[in-house]
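One structure coming up, written as structure tokens, with questions to follow.
Chain naming follows the written order as A, B, C and D, and within any one chain the residues start at number 1.
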Amino acid sequence: MFKNFGYFIREAGTSLSRNRLLSIATISTIAICIFILGVALLLTLNANRFIDQLESDLEIMVFVDQELDEDETADLGDLLESTPGVQSVEFIPRDKALEGLEDKFRSEKYTLRDTVGKDNPLPDSFSVKAEQPHEVVKIAQEIEKMPGVYKVNYGKEMVERLFSVTKLVRIISMVLILLLAFAAVFLIATTIRLAVFSRRKEIYLMKLVGATDWFIRWPFFLEGIILGLVGSLIAIGLLVLAYGSLLQNIQNAIFFIPLIEDSKMLTGVYLSLLGTGAVLGVAGTWFSLNRFLDV
Amino acid sequence: MIVQFYNVSKTYPNGVKALNDVSFKLDQGEFVFLMGPSGAGKSTVIKLMLREEIPTRGQIFIESRSVVRMQKKEIPFFRRSMGVVFQDFKLLENKTVSENIAFAMRVVGAGNQEIRQRVPQVIKMVGLDGKNDRFPSQLSGGEQQRVGIARAIVNRPLILIADEPTGNLDIDTSMGIMELLYDINRAGTTVIMATHARELVKDSYKRVITLDQGRIISDNEAAIGDAI
Amino acid sequence: MFKNFGYFIREAGTSLSRNRLLSIATISTIAICIFILGVALLLTLNANRFIDQLESDLEIMVFVDQELDEDETADLGDLLESTPGVQSVEFIPRDKALEGLEDKFRSEKYTLRDTVGKDNPLPDSFSVKAEQPHEVVKIAQEIEKMPGVYKVNYGKEMVERLFSVTKLVRIISMVLILLLAFAAVFLIATTIRLAVFSRRKEIYLMKLVGATDWFIRWPFFLEGIILGLVGSLIAIGLLVLAYGSLLQNIQNAIFFIPLIEDSKMLTGVYLSLLGTGAVLGVAGTWFSLNRFLDV
Amino acid sequence: MIVQFYNVSKTYPNGVKALNDVSFKLDQGEFVFLMGPSGAGKSTVIKLMLREEIPTRGQIFIESRSVVRMQKKEIPFFRRSMGVVFQDFKLLENKTVSENIAFAMRVVGAGNQEIRQRVPQVIKMVGLDGKNDRFPSQLSGGEQQRVGIARAIVNRPLILIADEPTGNLDIDTSMGIMELLYDINRAGTTVIMATHARELVKDSYKRVITLDQGRIISDNEAAIGDAI
């Protein structure tokens, strides 16, 4: 192997350029598959980020029994804060709550407050956020049992719908990524197999002249790596460009969807795509070759 | 004894009996012609020697090794002891003349230095001077055949097997090739040559094994008149 | 052509079975590409259906000036109904509105109504739906100018966000479908090109023996059609199975996402996938062949 | 006059001068040997006749049609007037012996009936009886060559071109093939045969065109002693 390494490299190089159609076909197949895989990955990551945010916006409204005095209310706040799974607790005095309700009906002509007078019918409340959005229901049920809690409201139906939608989105995106990954593996393997197939006589002949399997394999492998790397680099280049322009153009328009800008994470995505390309290039070659090496 | 066929029969998967109970022995340094009509089984003998095919019955020993029982991983090393000119040339189409010949040297682990020296030598021997960088598709039939010959002799093999090496060559070039083979044989290499060219065999007074329909019908050191 | 038709068919058939590796490679590439395209299509159609529904759920709350009497209120209702672009108008009396509000704060202990007494502070209102969800903003602005309207509420910010999300989803799904369609075309073309490439000598030789281009093309085309049809039929079979089991299993769990069951529409999708497969099979063959026919 | 070469030169794209100012004429019904050492340009002459290659200079007329100026769509029909035995056989690997021969008939539009009748006939003529359903890879070198011969003659072409048709055949089979070619020639077909086999040419007293390094060095109806 090491003795011949220089030869293997040169061999891979000339073979790549002499079998140009095969090289181009393999590179473009790899590039397209990796590109689509990358698009799907970025899409999924961003969608997940978005639904994470939707979920983490969920809050439990805890209305306080109007019979509680200020100290007791504060105690309830402490109790809420110390409940396991609770991330944050915000106190909303009844006046604030009325103001919020008013907003909905505000007009220049008169205010809800005027109608209600000093007799604000709303109770004090706490807005509670869970560490794990999925624990909202469980936590709400726990809180309901606490003394001094008049009522708990967490938009049961809405939350359930949201969770079933986000669950669906997560499942679908997982399935899609798996499906695309499987398809990419298969399509790349098929292309390489066809490329190797059209060189089967060459392989047969090398065996007849006394070449060992590994002597034949090495240049093919190097070709596989090179094709895999070049293909996925092209795909990654396109991804970087496309995602970059997306970040620039869409970010402002739809500010509330937080596109992933974290360059560490993106780099991770890109590197794993690159690795996938190279591995597929080699693995595809390995399996395709073995079939024709048995002479 | 360097090559031994013991009661070898070969039936191809489609049922064709190509060889039928063939036995012969070759001594180291012998020169043997394999003759016989088209379809007699000459190429099959050669394929069996190379282990390109496996005999249906019988045993083959080359350098005292059983070709039939050989392990898979030994095969490449075993093949390197032989240089073969194939009837259909079997050149690498994507490699130039030099590269085709150099490939056979790389396979046996020759160094760059040695390759650079030896390849032009054999190219000259077969009369292909100046065609080093041509691809097989850019050569005439006879030129391709000579590339095959050059590749077979480049490693100075222990056994040289030539299947119809002059089928596409004119008589003068053929004579030249025969001289080359005789030289190689004189240097100690065992040579087996399948051929139809009576005029090459006639005056050689070498051993001639004649096959017909898969059987050896004569095996003698004789002038052509007797052999066919 | 017609004279030789039987021959061309037999020829295509034997060639398909003798070049088995090439046939299998082409069929599976087509099947995978068409399958993924189909998954993406169904996903997109359902997603669009879902966001259509989200959008059509949008309503404009029109609060009535408390000074209006019953007749005037009814007139306003008529006016709203006759406004162009309005699909439906529903009257919500102030009592109902209070009940709705109460729900939010209901507990066993006391009711909002008790607190407020007879003095319901809420106005009568109309719930207005637009024919075209995208006209909600325009219609709301028009309604705002009508006499007797105390306030119009259509969740401006929410609607805008919803529209930008749905617009984004629509654009992304369009781009994805186009991308996948392009990739499918390219990958299938590449596979066929490799398959034809490994038979280039055969084609060369046929030309040397005096075959016309069309005489060589026909069996290849028939092969292309057969491979395309078989490949896409496999894909469609898988899609039917997968989508069918999805309908059965998920429909109930997530009842509020209306999966498309309309068999006419699904048939349309499947037929167009079938057509795509066949066309790609032939077109890929056409372009790949021409390159090698020029002898 | 059925074939005319006027000052034809052929330089391959890589700069190799394969033919240099070659002129000759063949009458309808002639039988001509093309001889010359390996690389002399014999196969190039044949490739030019088939319009597989185009001459660099000069004109070629076959049946009074200019091969050089011919339109693309005429080429297939033009080629059908010739039957060609290629030096490297050029058989369709995915087709059996019968199918290979039948293909040449289908190309010219023969009916199924005719094909079923004629194909076994020519297979018998070249001595491949019983090998109808073999694939080329299941044949010996000489058998493949004879499939090529059968394919070339099956359509009873106006001109039969044979490039080294006996290179892989023993002398008896070769003689049989020569008889076949003579018969075909007697029936009116013009035959051009490139060959190295002196013994076939020697006793024929047919016209011999001898090429060397791309030039015609002799063109006479002569015994082999004079020709080479």
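Following the convention adopted for this analysis, a residue touches a chain if its C-beta (ideal position, glycine included) is under 8 Å from a C-beta of that chain, and two chains touch if they have at least 3 such contacts.
Just so it is clear, the model here is predicted, and its values are computed rather than measured.
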Greatest centre-to-centre gap (Cα means) from subunit B is with chain C
Express in whole angstrom the distance between the two chain centres, defined as the mean CA positions of subunit A and subunit D. 67
Subunit B and subunit D, separation of their C-alpha mean positions in angstrom: 29
Whole-Å distance, subunit A centre to subunit B centre, using C-alpha means? 62
Give me the residue numbers in subunit D that touch at least two other chains, ranges are fine. none
Would you mind listing the residues of subunit C that make contact with two or more other chains? none
Draw the chains as points, connect those that touch, then say whether the picture is a line, ring, star, complete or other. ring
Which pairs of chains touch each other in this structure? A-B, A-C, B-D, C-D
For the subunit A and subunit B complex, residues of the former touching the latter: 3-4, 7, 15, 18-19, 202, 205-213, 215, 295
Interfacial residue positions of subunit D with respect to subunit C in the complex: 50, 52, 73, 76-80, 84, 86, 90-94, 103-104, 106-109, 112, 151
Within the complex, which stretch of subunit C touches subunit A? 21-22, 25, 28-29, 32-33, 35-36, 39, 43, 63, 104-107, 109, 112, 115-116, 119, 121-123, 150-151, 153, 161, 164-165, 168, 172, 176, 179-180, 183, 186-187, 190-191, 193-195, 197-198, 250, 253-254, 256-257
In their complex, what parts of subunit B are in touch with subunit D? 12, 14, 16, 35-39, 42-43, 87-88, 134, 138-143, 145-146, 163-164, 167-174, 196, 198-199, 228
